[in-house]
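As written, the chains take the letters A, B, C and D, and residue 1 is the first residue of each chain.
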Amino acid sequence: MDYRKARQEIVEKNKGIRDKRTTLEEAVGMIKDKDHVAVGGLQYTRTPMGVLWEIIRQKKKEITFYKPLMSFEGDWLFVSGAMGKAVTSWFSGGVTWGVSKIMRTFAERDPDTFEEWSLLGLSLRFKAGAMGIPCIPTKTMLGSDLEKIRGLKRFTCPYSGEEMLLIPAVNPDVAIIHSQIADKYGNAQIFGPPCLDIETAKAASKVILTTEQIVDNEHIRDAPNSTNIPFFCVDAVVELPFGCYPHECYGRYEPAYEKLGEYGQGLLKAEDKIGFVREYLDKYFYQPADFEEYLELFGVRSLLETTRRGRIWPQ
Amino acid sequence: MSNYNPAELTVIMGSRALQDGQLVFAGAGLPLLSAIHAQKMHAPSLSILFEVGGVAPRITSLPRSTNEARSVRRSVATPATIDMMLYLQRGFVDVGFLGGAQIDRHGNINSSCIGTLEKPKVRLPGSGGANDIASSANRVFIISYHEKRRFVEKVDFLTSPGFLEGGQAREKTGLMGGGVEKVITNLGILEFDKKTRSMTLTAVHPGITEDEVREKTGFELLVAEDLKTTTPPSDEELHSLRALDPEKRYLKAGDF
Amino acid sequence: MDYRKARQEIVEKNKGIRDKRTTLEEAVGMIKDKDHVAVGGLQYTRTPMGVLWEIIRQKKKEITFYKPLMSFEGDWLFVSGAMGKAVTSWFSGGVTWGVSKIMRTFAERDPDTFEEWSLLGLSLRFKAGAMGIPCIPTKTMLGSDLEKIRGLKRFTCPYSGEEMLLIPAVNPDVAIIHSQIADKYGNAQIFGPPCLDIETAKAASKVILTTEQIVDNEHIRDAPNSTNIPFFCVDAVVELPFGCYPHECYGRYEPAYEKLGEYGQGLLKAEDKIGFVREYLDKYFYQPADFEEYLELFGVRSLLETTRRGRIWPQ
Amino acid sequence: MSNYNPAELTVIMGSRALQDGQLVFAGAGLPLLSAIHAQKMHAPSLSILFEVGGVAPRITSLPRSTNEARSVRRSVATPATIDMMLYLQRGFVDVGFLGGAQIDRHGNINSSCIGTLEKPKVRLPGSGGANDIASSANRVFIISYHEKRRFVEKVDFLTSPGFLEGGQAREKTGLMGGGVEKVITNLGILEFDKKTRSMTLTAVHPGITEDEVREKTGFELLVAEDLKTTTPPSDEELHSLRALDPEKRYLKAGDF
């Protein structure tokens, strides 16, 4: 999005401290076809899966998704038609299940569907967007083919004479983020690595926040140092326990490795890869009446087992 | 004889200028009182931000400075100073309050020195975050005691930009914040002509004359054709305000 | 410091996780005359007063001190001869005690002793230094006299065409920081606003950390989200309760307003301002045998009273 | 017949290359095993960093990926990903381990595609943080299985910079990280000629011949005049290593 437009959207935003609780369905209604959407978390960690799930169900089209590292969720977004382009530093099935065959199908047919940046390069795009500047200098990617294919501009620092690259800011239309806790105003507290979520929340025009648990505002005020994302960045708050499933939420539950493995192994074996993903989408995304019915497909045993492995604090 | 003093009057005018839902940078003293007063009167979802790192604190005891722990108590977040200041650059801060040793006809502010910086007559404390607020807040309200030595033709040093040389100068330099929207003084309200961006008296407070303002202004004062008179503070407004500063640390009679 | 030199000092640093506890005296021994020293906290908040106190006692000379907002400690640094230059956005006695007459004496005689930046401008210098880049674009200070006197370069963003200023990075020789808690390795946890301490810690070649309380490393690992400064940034750790006195430490004690007032009012009334500060330095800085004897000068009543007002958590 | 397999040998060579007091970016698998092994054997104050946001975690159970919560357990800090990556740019990261689908004679790495990016034969997962490590780590160790299709004359796509075209090309482009210091394979150790920055075999592992390495390298291999033979893994090293991966998830026989 254009730098001035991106700022103007923030200028015009209502920044009142007000109740923003809503349903997953209504929150995702804020996202339009062809929007640019930044996805929180990293690889399997704190993926806002509930929002992605609802995006697919609402049959959104040709969205440009940004994610630091992309995993199986990229397969689902591609095959459903929700994703027109993946902007990421890495797109695979996961270390254990090898290169995503779905990514290969799409990106080998149309290389523009997978826009590659280095992880720091992509991070700096959000950082610049969050800081309200249109670009930022860096040493990363200098001299590589990534510099060339991204068409990055060189820059000589007038103070030091250093040769640098300039990374253009990105200001997505929407950032989608999942936190362990938040209050109804959208003050979000993330535990474990915040990944790029703080940067994307500030860079985006709108933020949809799902959270394991909505807590009282006084609880937030008891520990304000733990608030990573303040209410005025956030536009919708949805309480969504196990909202990253089958991915993980730090301190709460680990990834459902067996369930991811079923998908990963199934895809490896399937002859018709796209067909396999379509069936998976039908079963896990389109059929369930709601998110809890989706969780039922994984089952109580899986939820308890991943919780047992993942939990850190007495709850 | 009115039942309020100049400080009380000015704070209430500042409070009225604020809207519900806004994010406001308000330093200690009159600006902070304006913001808290607005929250109590008509803007319950307005939030206050402090440079040091406080978001929507609960102010139960007026701090001596907004950079102290006391001022950020019960905040919903305590970000780093740079992150607070970057909210300005990103467009999150709807209103910033400023004052200064000198203010010129185009709303430029000096808080750095009287005389030249090479040979200062008086070295002043400097910008703090004032330049950043003036550069990037979505709008700035100047709150000031109205006196000739303060409202000058040209500031000795341009610490914080208003409309620079006037006209489109501010936009041309690349600044994106809205600039000064209102100057709120103990005599009246001044705004800026759309074209020349020169300070224009648009309202006087009850009992104040145009001439009185002119006399206390160090440059040729423009006056709006439809010069208004502000509505005097209501009993409710005064009552609510006085409860915020029972020791009259800021709401003293006389100048401020 | 030169950009390449600043990086090289980090490259060559021993980053081992090792016991760095030492005395205040030895820690301050790391600082040399004419060094560039960044001071943590802001105005009265979390000032690393113990380190400043020891710097003055060790008769360091002509140091360039960086502080976001400077207060009475600037008077003491100027008059003692420790400070050759103050780089700050604001230098005053404090809101209650008016403009610092000592600052005026020094800066009106030699304007170069007070180098003024806007608060964001100065913050960005540290941010760039922390990020390992030589400069960073901003909109702040555009068109002001601060832009002119600092000799800042304009820059047109090649992607957006936006007119920007470039802020040069700063990499101080030493950053001095006070935290509520830290472990012996230097993992520091700051509560309340971290001010610019995280940026300065990463930007500086060396970091001296004083802390209210050294805690076990396991306590840090119990809440790693609260660690603002990791051990590898830090070179010396000194446990120093009331280490900000008479300034405040968030959650522990408020400023000793009465004691600051004695100084502030005394200075206002004194005819010989410099002489007044010399006497103050003699009594509070040079005479005490150690930091605890310095605290004795404020007295138990003051320590208890400021603690009563400032404490937040059950301790 | 040796009492260790190629994976075990390579990890131990990686471990030996690390020094006490270093900060190391080590991805899942062999690099992470090298780093943990070094901590146990000779580098107790060495610390591991993970891109996702882990500083000096305690690794009690080998993670499948270093981007999971499990990998950052009991860290001393859990910074944002960008802050982890910026430690590279600032010079804090002493060693980064990398691997890749293709590695050329100047240590450049391809993890983006086989063929051209416009018409890829195989689209690969991409850089992740590899480019950033290659750009800015103080030194890079490449750990790789040694095979002809991997050690190529020229990478199809230069994802992560080694010495670019060789000579002073890397320095001239403005990069500040040290570049690739060692390539550690199951056959030997390769370093870079000071002048041409071409990959040079400096040591072979016990039982491996120069010819064998040449045969499995897709470019003209340079060989050091004083070609050394590495000291075989000791029983203590092997014992310590095998305890780290009792299920042999990474320390399997065969390639890796």
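Heads up, the rule we're going with is that a contact is a pair of C-beta atoms (placed from the backbone, for glycine too) under 8 Å apart; a residue touches a chain by one contact, two chains touch by 3 or more.
Every value quoted in this text rests on a predicted model; they were computed, and no experiment measured them.
Centre-to-centre, using mean CA coordinates, chain B is 29 Å away from chain C. Averaging Cα coordinates per chain places chain A and chain C 38 Å apart.
Per-chain CA centroids place chain B at a distance of 58 Å from chain D.
Centroids built from CA atoms put chain D at 40 Å from chain C.
Within chain D, residues 72, 78-79, 86, 88-89, 136, 176 each touch two or more of the remaining chains.
Residue positions 4, 132-133, 138-139, 162, 164, 191-192, 225 of chain A are each in touch with at least two other chains. Taken as a graph of touching chains, this assembly has some other topology, since it is neither a line, a ring, a star nor fully connected.
By the definition of touch given earlier, these chain pairs are in contact: A-B, A-C, A-D, B-C, C-D. Per the touch definition, chain C reaches chain A in the complex via residues 2-4, 132-139, 153, 155, 157-160, 162, 164, 166, 168, 190-192, 225-226.
Against chain A, in their complex, chain B makes its touches with residues 20-23, 45-47, 55-56, 58, 72, 74-79, 86, 89-92, 94, 136, 138, 176.
For chain A in complex with chain B, the touching residues are 4, 7-11, 14-18, 130-133, 183, 185, 187, 202, 217, 220-221, 224-225, 227, 230-233. Note for the complex: chain D touches chain A at residues 28-29, 51-54, 64-65, 67-70, 72-73, 78-82, 85-86, 88-89, 112, 117-120, 122-132, 134-136, 157-161, 164, 169-170, 173-177. On the side of chain C, the complex with chain B involves touching residues 42-45, 68-69, 88-92, 94-96, 99-100, 103-104, 107-108, 111, 114, 116-121, 123-124, 126-127, 138-146, 149, 162-164, 191-199, 248-251, 254-255, 257, 310, 312.
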